[in-house]
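What follows is a short report on a single structure.
Order as written gives the chain letters A, B and C; numbering starts at 1 within each chain.
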Amino acid sequence: MTAALVQLTAAQAGARVRARELDPRELFEAYRQRAATDELNAFTWVAEAPAAAGPSPADAPLGGVPVAVKDLFCTEGVPSQAGSRILEGYRPPYSATVVERLTRAGAPLLGKTNQDEFAMGSSTENSGFGPARNPWDRARVPGGSSGGSAAAVAAGLAPWAIGTDTGGSIRQPAALCGVVGFKPTYGACSRYGMIAFASSLDQAGPLTRDVTDAALLFGQMVGRDPRDSTSLKFPEPVRLPHADSLRGFRLGIPEELTGTEGGVEPGVRDAFDRSLELAEKLGAAIEPCRLPHAPHALSAYYLIAPAEASANLARFDGVRYGLRVDGEADLLTMYSRTRAAGFGLEVKRRIMLGTYALSSGYYEAYYGTAQKVRTRIAQDLHAVFERFDLIATPTSPWTAFELGAKLGDPLQMYLNDFCTVPMSLAGIPAISIPCGLSDGLPVGFQLAGPAFSENRLFEAAFALERAIGYDGSPARG
Amino acid sequence: MLDRDQVLHVARLARLELSGEELERMASELSHVLDHIEKISELDLSDVPPTSHVVDAATPLRRDEPEPCLPREVVLAGAPEPVGDGFGVPSPGAAPA
Amino acid sequence: MTEARPVVEGANHTVAAADGYEPVIGLEIHVQLSTRTKMFCGCEIRFGERPNTHTCPVCLGLPGALPVVNERAVIFAAMIGLAFGSDVARRSLFHRKNYFYPDSPKGYQISQYDEPLCRGGRLGDVRIHRVHLEEDAAKLEHISASGRIHGSERSVVDFNRCGTPLVEIVTEPDLRTPEQAREWLTLLRATLRALGVSDVDMSQGSLRVDANVSVRRAGSRELGTKTELKNMNSFRFLERGLRAEIDRQLGVVRAGLTVEQETLHFDPASGRLTTLRSKEEAHDYRYFPEPDLMPLEVGDELLQAARSAIPELPAQRAARFEHDLGLSAGRARELAFRGELGDYFERVVAAADAAPAPELANWIPLLVERIGSDTDPAGSRVAPEGLAALAAMVSRRELSRDAARTVLSRMVEIGGDPSSLAEREGLLALPGGDGQLAELVERAIAQDPGAAEQVRANNMKAIGPLVGYVMRETKGRADGGEVRRLILERLAPH
C-alpha cells in the first residue's frame, strides 16, 4: 500500500484526498517513514506529524500532500540551518512567507532538506551536515545547492519539495536527479524568510516529479508579499498545463550555451538533440540564436553573487544567535574565530571573493563591471525574445559526477552553472525537465522564457514531457 | 593576482581568521578564479548602465503603522551570552584578553 | 543671518587672525525622525523601555528577514529637503554600508550613498551638501567587569533603538567659528522642530553632531586636511570641542607641521581630544546598492504631501518679526529660533491692544529668565494675556519698570493678573501729577544740594543719586523716567 501510495504524483495524491478516497494522515505517514529512514542524507530534519495549524486537507488546494523544504527556508520552531554549522540547531521565531503559504494551501511540512552551505555549491558536498547522495548512484552527487530536495523527490522520500535557485540551484540538481525543477521570474515568489545568499538573484521554486506538480505547487507559492519589497504581483492566474503540441512555439537554441566549447558532454548533447527533434515533431519552430555575452555570465555571476553574499553573511557574528567561539576574547577575535569555525571552505572563498570585489579601489573593476555585463546579458535575452517565445539549452553541461570529483578545483565546480546562470542574471523564468539518460544517469533539458511567461513555459514543458515519456520511477523503488 | 598581504587584509575586512595554510590556499585559489573572471574587463562596456535590480519598479512604501513585536524571551532564546535583558558581547575597544 | 562676528572668548582666534589662518568647519548631523515605527519594520519606536522588547526579525537582523521602507520617514526627509530648498530626487537609491560592530545586527547599515534623496539647498548662511535617509544602530551599554577574573570587558546590546529612521544632513564647509556653528545649529534645531519631524533633543541623542574641521591661510580657496570630530552631545560641548580642535590644529600648523587626517573624540570632562581612528585605520565600507530594496521613487503625491505639511519656518518667522513687527534682528532670531518662545510671543501680541510689538518682545527674555531657559512659557503661570496686560500698565505709566519686574516675578510664582497683584503688593505707580512725586523731588534736592548744583551745571551724571533717592523712598513704585523729567524741570536753568 505504502509503495503504491508513493508512486502517485503529488497532484494525483492530492486529488484523491480531496475526493476523500485517501486519508491524508496515511499519506503523510507513508512519506514520513521513508524520509525518516533516508539513506541519502537528503533530510536534515523530519517532522513527527503534520503541524496542527494547517487547514482541513480535503478542502485545501494542495490536498494535504506534504512538502519537503530546503533547510534555508525559515520554519518557526524547526531547525533552519541553511546547511551551515554556524546555524546548527537554530530555530527561528517565524516562518518564510512561501512556507506559510504552502501550509495554508494544505501542504504540511514533511521535513527540511540538505543543501550546500548557504546555497553555495553545485553538489551538496558543501553541506555542514555531510553530503547528500544521488539516488541513481550513491557514489555520485545529487547536484546542488538544493540537492537534498532533488534527491528526496527523485527517491520518493517526498512527493514534492521546494528549493532555491540563485545561479541554477534548483534546475541543476533537478537535472542530475531526473526530476522537474523550476526557477520562477525574479520577484514572483517572496524571499521573506529565505536565508539570503545573493539577494538580487535568489528565487524560491518547486522540485517535483512532473510539470503538472510544478505548476500546482508554484501556483500556491506565487504572489506579492508586503514583507518583500522586491516581490511583484503575478500578472495572471497560474494555470495547470494541458498542451499536447508545440504548434506556434518559436524555440531559439543559443549557440553559446549548447556547444561543446561550453563543456557540454556529448551524451548530454545527444539527449538534448533527441528532445529537440521531439519538439520539432510536436510543431515547434526551432532555430539557432545568439547570446553573445552569455560566455561572460559566469564571471559576472561569480562577482555579483559573492559580493552580495559577503554582506548577507555578515550577520553571522556570534552576537544574537548561532555559533560563538572564543567569547571571552576581544571582539575582533570573537568575530573572526566564530566565522572561521562556523563557515565551510566554499563559503569562506566566496566571502573573500565578494569582499575583495567590493573593496576600496577594486569596486569598479570587479563589481561595477559585472553589473554592466549583467545589463548586456539581459539585453541579449531581450533581443532573442523578440524573435522567439522560448529558448532551450541543456540544464547542466554534464550528468551527476562522483563525490569529490570537482571539490579540488573551484572553477570546475563553477562551470556547473554555465547554462543556468544567464537566466538568473536576467531574472527570467526557466524550467528543467528530465529528457532521458546518458550512461544510465539523468539529463536535464532547460526551457526559459521572458519574465512572467510561466504559463507558456509550463505548457511547452508539459507537451515535451509527454512526448519524451520519461519515467523516473526506477529511482523510487 | 592576489598576494598574501591582500588576502590577509580582505580576511580582516570579512572578519575571518585564516590559518597560515588556509591563507596560502586562499591566495592561490582566489587568484586562479580571478584570472578567469578578469576576462570581462576586456569587454567594451562604455555607456552600459549597471544593473543592480533586474526588476524595473519603485520600492513599495509601508504605512507608518505598528505591528506586533517579538516577546523578549523569544528574542533572547538563541543568544550565546544573554546578560539581563540584552545580548552580552566583548566590549568594543577593550584590550585583547 | 549668521555673519561671522568677532569671538568674545578664546583669545587664540584673534591670534589666529593675526597669524593669517582661518578655521573651516562643516557639520554632519544625524536626526532621529519621530515616526511611529522604525525605518524598515513595523516595530513601534519607544525609548526608555525594557531592553529588547521592541524588536522583530527585521531589526534584529535575523536570517531571512527583509526591509520595507516606512512612507512617513520618506515624507519627513522630503520635508527637510524642501525646507532647505534642496533638490528632492524623484529617484534615489539605498546602499549597504558594511561594517562589523555589535550595534549593527546585519553587519551593514542601510543608508544612501551616491544617489541621495536630497542635494543642495541652504539654511541661513550655510549651504547644504546633501540630505539622506538611513537607519539607526542599536544601543551598547558597557558593564563593569567586576566578578570576572578572566576574559574581556563586556557590553550589552539593546535593539529597541535599532532601525529608528535617521536623516543625515551634511553641510558644505561654510562655518568659520565655533559660535557660528552653535548658532547655526540652533537655527537647524528650530527648523526641524517647526517641521515636526523630530524631537531634536541632543541630550536624548535624537540630534547628533559630527564636525569636519580644518584650518587654512585666510583668503585661500583650498581646504586644509580635515579631521573629524565625533558625536558632541550638547551645544556647549560642540562649541568647546570645536575650539579645542581648532586650537590644536593651529598649534600644529604654527609649528610648521601638517595636520593628519584622523577621527577624534572630544571628552568634555577633561577637555581633551583623543584619536579614535587614524587615516590608515579608516573604514572600507564597501558600499553597494541594497539589493533588497528597489529604487526609492518620490511621486507627485508624496511630494505634495511633504510640501503641504511645511509650516512657517524659523528663518521666515525671524524675518517677519523683524520686518512686520519691527523687532531688532537679534531679538527676532532669539524668539523665532526657539519656536515655543515665538509662539508665546505671538499670543502676547494678539492679546495686547496698545503696546507696540518690540516693547512686548522685551518682556519675553525677562520671563524666560524667571522660569528657566529650558521651560516653555506656555506651561508657566504667566498667561500671554497677563504679560500683555503688564506691558500695557507700564506703557500707561501705571507701573514703573522696576515694579513691573517685581510683579512679573510674583506672576511666575503664584499666577494671577498684574493689576490686582500690583495693587495688593502696593506697587502701583505714584502718578507724577498729584504733587506727591514733586514733593519727593524737592526733598531729594534738599538733602543733596551738591548733586543738584552739578545737574544745574549740566553734569548729567549727578542726576543718579537724586533719582535714586526718590526711587528708594517710593520703594520703586515711581516711574524713573517721570522722576528724571521732574528733577530736570525743577533744576533747569530758566
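Side notes on the structure shown:
Keep this in mind: a residue touches a chain if its C-beta (ideal position, glycine included) is under 8 Å from a C-beta of that chain, and two chains touch if they have at least 3 such contacts.
What you are looking at is a predicted structure, and each value in this text was computed from that prediction instead of being measured.
Across the assembly, the mean Cα position most removed from that of chain B is the one of C. Among the chains, the centre nearest to the mean of all shown protein C-alpha atoms is found for B. Centres computed as Cα averages put chain A at a distance of 23 Å from chain B.
Measuring from the averaged C-alpha position of chain A to that of chain C gives a distance of 57 Å. The distance from the centre of chain B to the centre of chain C, with each centre set as the mean of the Cα atoms, comes to 40 Å. Across the assembly, chain A contributes 90, 93, 200, 226, 229-230, 310, 314, 317, 319-321, 327-331, 335, 355, 359 as residues in contact with two or more other chains. Multi-chain contact residues of chain B, defined as those touching 2 or more other chains: 13, 15, 52-53, 55, 57, 59-60, 62, 70, 75, 81, 87-92, 94-97.
Along chain C, residues 57, 60, 68-69, 100, 102, 150-152, 157, 284, 286, 288, 291, 293-294 each make contact with two or more other chains.
Every residue of chain B that touches chain C in the complex is listed here, in rising order: 13, 15, 52-53, 55, 57-67, 69-70, 72, 75-76, 81, 83-92, 94-97.
For chain B in complex with chain A, the touching residues are 2, 6-7, 10-18, 22, 26, 29-30, 32-34, 36-41, 43, 45, 48-55, 57, 59-60, 62, 70, 74-75, 77-81, 87-97.
Those residues of chain A lying in contact with chain B across their complex are 90-91, 93, 186-187, 200, 226, 229-230, 232, 293, 296, 299-300, 302-303, 310, 314, 317-324, 327-337, 339-340, 343, 348-349, 351-353, 355-356, 359, 365-366, 368-376, 378, 410-411, 414, 425-427.
On chain A, the positions that touch chain C within their shared complex are 72-74, 80, 82, 87, 90, 92-94, 96, 191-196, 198-200, 226-230, 307-308, 310-311, 313-317, 319-321, 327-331, 335, 355, 358-360, 363, 367. For chain C in complex with chain B, the touching residues are 35-37, 41-44, 50-57, 60, 68-74, 91, 93-94, 100-102, 140-143, 150-159, 284, 286, 288-289, 291, 293-297, 302.
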